[in-house]
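Below you'll find the structure, written out as structure tokens, and then a few comments.
Naming follows writing order (A, B, C and D), and every chain is counted from residue 1.
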Amino acid sequence: MTERRPADLGVDVGSLRLKNPIMLASGTVGYGEEIGELVDLSELGGIVVKGLSLEPVTGNRPQRIAETPGGMLNSIGLQNVGVEAFVRDKLPNLRRYDTRVIANIWGKTVQDYAAVAARLDQAEGVHALELNVSCPNIKEGGISFGTDPKQLHEVTAAARAATSKPLWVKLAPGVTDIGLIARAAEEGGADALSAINTIRGMMVNVESRAPMLSTVFGGYSGPGLLPIALYLLFEIRKATPLPLIGIGGINELEHVLQFMIVGACAVQIGTANFYDPTFSSRVVDELAQWCRNHEIDSLAELVGSLRLPRQG
Amino acid sequence: MTERRPADLGVDVGSLRLKNPIMLASGTVGYGEEIGELVDLSELGGIVVKGLSLEPVTGNRPQRIAETPGGMLNSIGLQNVGVEAFVRDKLPNLRRYDTRVIANIWGKTVQDYAAVAARLDQAEGVHALELNVSCPNIKEGGISFGTDPKQLHEVTAAARAATSKPLWVKLAPGVTDIGLIARAAEEGGADALSAINTIRGMMVNVESRAPMLSTVFGGYSGPGLLPIALYLLFEIRKATPLPLIGIGGINELEHVLQFMIVGACAVQIGTANFYDPTFSSRVVDELAQWCRNHEIDSLAELVGSLRLPRQG
Amino acid sequence: MFEKRLTLDAVRFLNSRCFVLAFHAPEIARAARPGQFLMLAASDGIEPLLRRPMAVYQILESSGEPVGFSVLVERTGKGTTLMSKMQAGDEVAVLGPLGSSFAPPGDATAEAVLVMGGVGAAPFPLFARALLEAGHTTRAFIGGRTSEHLLCAEDFAALGVPVTQATDDGSAGHHGLVTAALTEYLSGCDGPVAIYSCGPTPMMRAVDSIASARGLPHQVSLEAPMACGIGVCLSCVVPAVDEAGGWRYRRICREGPVFDASTLLWEHPDD
Amino acid sequence: MFEKRLTLDAVRFLNSRCFVLAFHAPEIARAARPGQFLMLAASDGIEPLLRRPMAVYQILESSGEPVGFSVLVERTGKGTTLMSKMQAGDEVAVLGPLGSSFAPPGDATAEAVLVMGGVGAAPFPLFARALLEAGHTTRAFIGGRTSEHLLCAEDFAALGVPVTQATDDGSAGHHGLVTAALTEYLSGCDGPVAIYSCGPTPMMRAVDSIASARGLPHQVSLEAPMACGIGVCLSCVVPAVDEAGGWRYRRICREGPVFDASTLLWEHPDD
């Protein structure tokens, strides 16, 4: 190992520069308070806060999680303090850190999204908005925004109109053609795409014969999601030139690198925050070391550097 | 534990009785030759042979597999000896066993499927056909039969017309609405549905920056698939009254029970045959023991016995 | 709260299902309060994925200084089975101490009555020590399915805390529920009493009925499946009364595991 | 082939990366032929999921009877790292013996020349023993990146088999490729020679050029990622000539790992 100047880990997600590509994923770090006791958030590229809605939300009744082989299910039900309380009570603490704060937002109608986006457009210290579109549109028969290109376009455009901040759309798996969905978000005005959110899963308690989650099924996250997320990112990369943020199952440096090689300019760590809470800050160091060992001066060299095999 | 007569593990998949619900999944046990050296196939409910096509198929170039966290990817490319060689060279050996032999079949056109089904309709010792519809329809722009209700209906109906043997359709995940797909298969004339086939996944070698599989992405199988498969089976159960066969990630008795409680009358063991080749025969004994311990006289009591929570 | 890779110092089996894992960890030992818990990794890999919550059982001391802690584990599933195979020298990832702790009775003259079922006993010997140091008369009621499920009796004996035991099958102590023994005891009590309970939910609910009927303060330690243990995943919630007279979810890992029982809603408000 | 849970008898480290795992397993020991392999589980859980293929290194004997076997493992990734932490007494799931084996030269007077790179040496000491018993003069060429990667020299020495070593960095033996030493040796050979090789693919290809140029028979032992090891998954295929003059895939785990090199297509026919 040669002694060289530290690699520059900075990356650009569209117009937003991150000091490094490691972010914390929405729903796995609350609003940064508790995790801030374990990890210096200023060492990370960014933190995406728990999905915010216009009003506070109580969430689903317990049992809200279940373990699966190599992963977990959750059905938190998007419990959150609401956008006002976030801005008032949570954001001041987050502003203390030298990192990017991304507000994950959701709603039950297009108007909800637009209203939350408009409120956060004014909020100092929120650097980007990320739309969680894995929620049912109650005005359109409960079909999830993220599975229907038309609705996704509409909700993205509405949020786009409500804010001048960078707008990321977080895609849901579980669709036949993710490229179509990605293009709908692009055309709706997204600045970047995050992929992916949890995929639906279920587990059953064989003694009680009841589903393990109160909601029957829930969102599957963790290591078992990794190959699915990498594949979907690959498909999205083919469909749109937008900057991509890779999410799903990351718990090793190698996973970060895989996402970046496929085409992500940054990544988010989710479930790993639960079972290895200091992984995110550790992997920043590991990434710097890897770049030095591989004489990589800028991570841009890595992003999308996938070598496809010859056809044959 | 009280001494009671052995539980009857027999189950009916429509008109086809299996001595127990444990089958071996297509593509993970070849044509039963090699696995027969390790497991007495007569102890199992059935064996589904490697997907057969009209002509022999060479398959994809290596590298064909990659490990993932809690699973694996494959892109074998449906290599097989072709239906004639199967009937001539492989079936006689399978007829020696007191078990059900299910022929998994596939094609590149609707006509291919029908031709293979017609050939196997004549074959003594083939007890059911299972359509693998996770393959591109080369006449319809390469869209997979299993992702389009119209094409699925057509290919199912064509196979149905070509055979009077029980016809199972094996559904592919990776669609927005699996219920829709399930109903298309039902309406096409399926006697039962198998769920699920592999889901698409990808892994990258970070040193070479090349995909680990020669085909870039492949089919993800193994433990990480379990919660996804259980959820999809739950959705299929809601969509159709057809008998269901649960597949995906099974490597414990508890997984078998989960599938049955959600609604499967039988299951197939896939990837576990690779890393725990005697699991299938062991789990038959474990299932019998579990039934005795739980005073369950017939597995029909278990199938679909899921207790859904009250709404609230 | 500290996130550490600790070396397992010692393993001691209490019976075929229960064992004590002891760790050298001065910072955690100094910080830990009775009733708090830790998240322990059962493996370094992804199966099982999540860490397991375990109450602080003992604070280990050397020359009067806290230098370590132990947990008392009952083998019930995958994670605790792996823990039962751990050996001295193994490295274990540990996060803690976490959550709220038992508070001594507000009334300095009150007697503390500790009611526990099964491995719910784990946090109480440490708390009993604190109660005795604070001058509270202390008494323990230990319930279990069988004599194998009665835990910590020796710990209380060593502290001089009187113990009443009950088993469902009568294999040790009273035959029947520990709550029956508790009711009987409380019937003969005159002075102020504060109740503390930890164990299966039906037991804690029954204890709460007894405490409420007598107007006695009651603190409970709750359990729920936990992903994070620090309050960020919102998986471990329990409905509780809120300031405005309605209800809200409280996180067992953060606002709990120890709650004033009067703040909890044992029936879900949506039922 | 046998599927067994074996108790690990002994672990011996050869250097910081390579170690030998020895198992008591009379049935496997009696059945195993030189060049065959086994599938070993690196863990009982799902990570890593698949078993790892390992050549049979030694057949262990007691009073002249085969009672066990060993494998020689190089730590390279997740599975082999877990294997390097195994201890005597651990249980390991093992399937084997599997695949084809090395065949002694057809010509009873032929000299056998064994060419190996790195851990590709593992199957050769056992084969050398069989060759010597069958009366073949035997000679070993061992290559490696550094002296740490030269394996089995002592085994050959103990058998009286002459050894030529070469390292890429010159840290031991000849400085350079083992194939250079091989070419040099063969230039001075008159009698019939049969070549056997196992190691990195570039090495085996180079050996095959040398063998073909001289018309010498050449058997190679190939590697590929394997899911099942028994021929059912079709993951481990390699293109080979078929009877009809075309080509077909052959399974390294079943028709191989040892192939007559003249049947293999080193370039994929689609290229």
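Convention: a residue touches a chain if its C-beta (ideal position, glycine included) is under 8 Å from a C-beta of that chain, and two chains touch if they have at least 3 such contacts.
Because the structure is a prediction, the values reported are computed rather than measured.
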Farthest CA centroid from chain A: chain D
The distance between the C-alpha centres of chain A and chain C, rounded to whole Å, is 36
Cα centroid separation, chain A vs chain D, in Å, comes to 46
What is the distance in Å between the mean C-alpha positions of chain C and chain D?
56
Chain B touches at least 2 other chains through residues 61, 68-71, 223, 251, 312
Multi-partner residues of chain C (each touching 2 or more other chains):
46-47, 268, 270
Among line, ring, star, complete and other, which best matches the way these chains touch?
complete
Contact set on chain D toward chain A in their complex:
46-47, 268, 270-271
Going by the contact rule at the top, pick out the chain A residues touching chain D in the complex.
69-70, 310, 312
In the complex, chain B touches chain D at residues 27-30, 33-35, 37-38, 50, 58-59, 61-72, 74, 76, 79, 222-223, 251, 271, 273-278
Touching residues of chain C toward chain D in the complex: what are they?
43, 45-47
Note: in the complex, chain C contacts chain A through residues 1, 3, 41, 46-51, 93, 95, 224-239, 248-249, 254, 268, 270
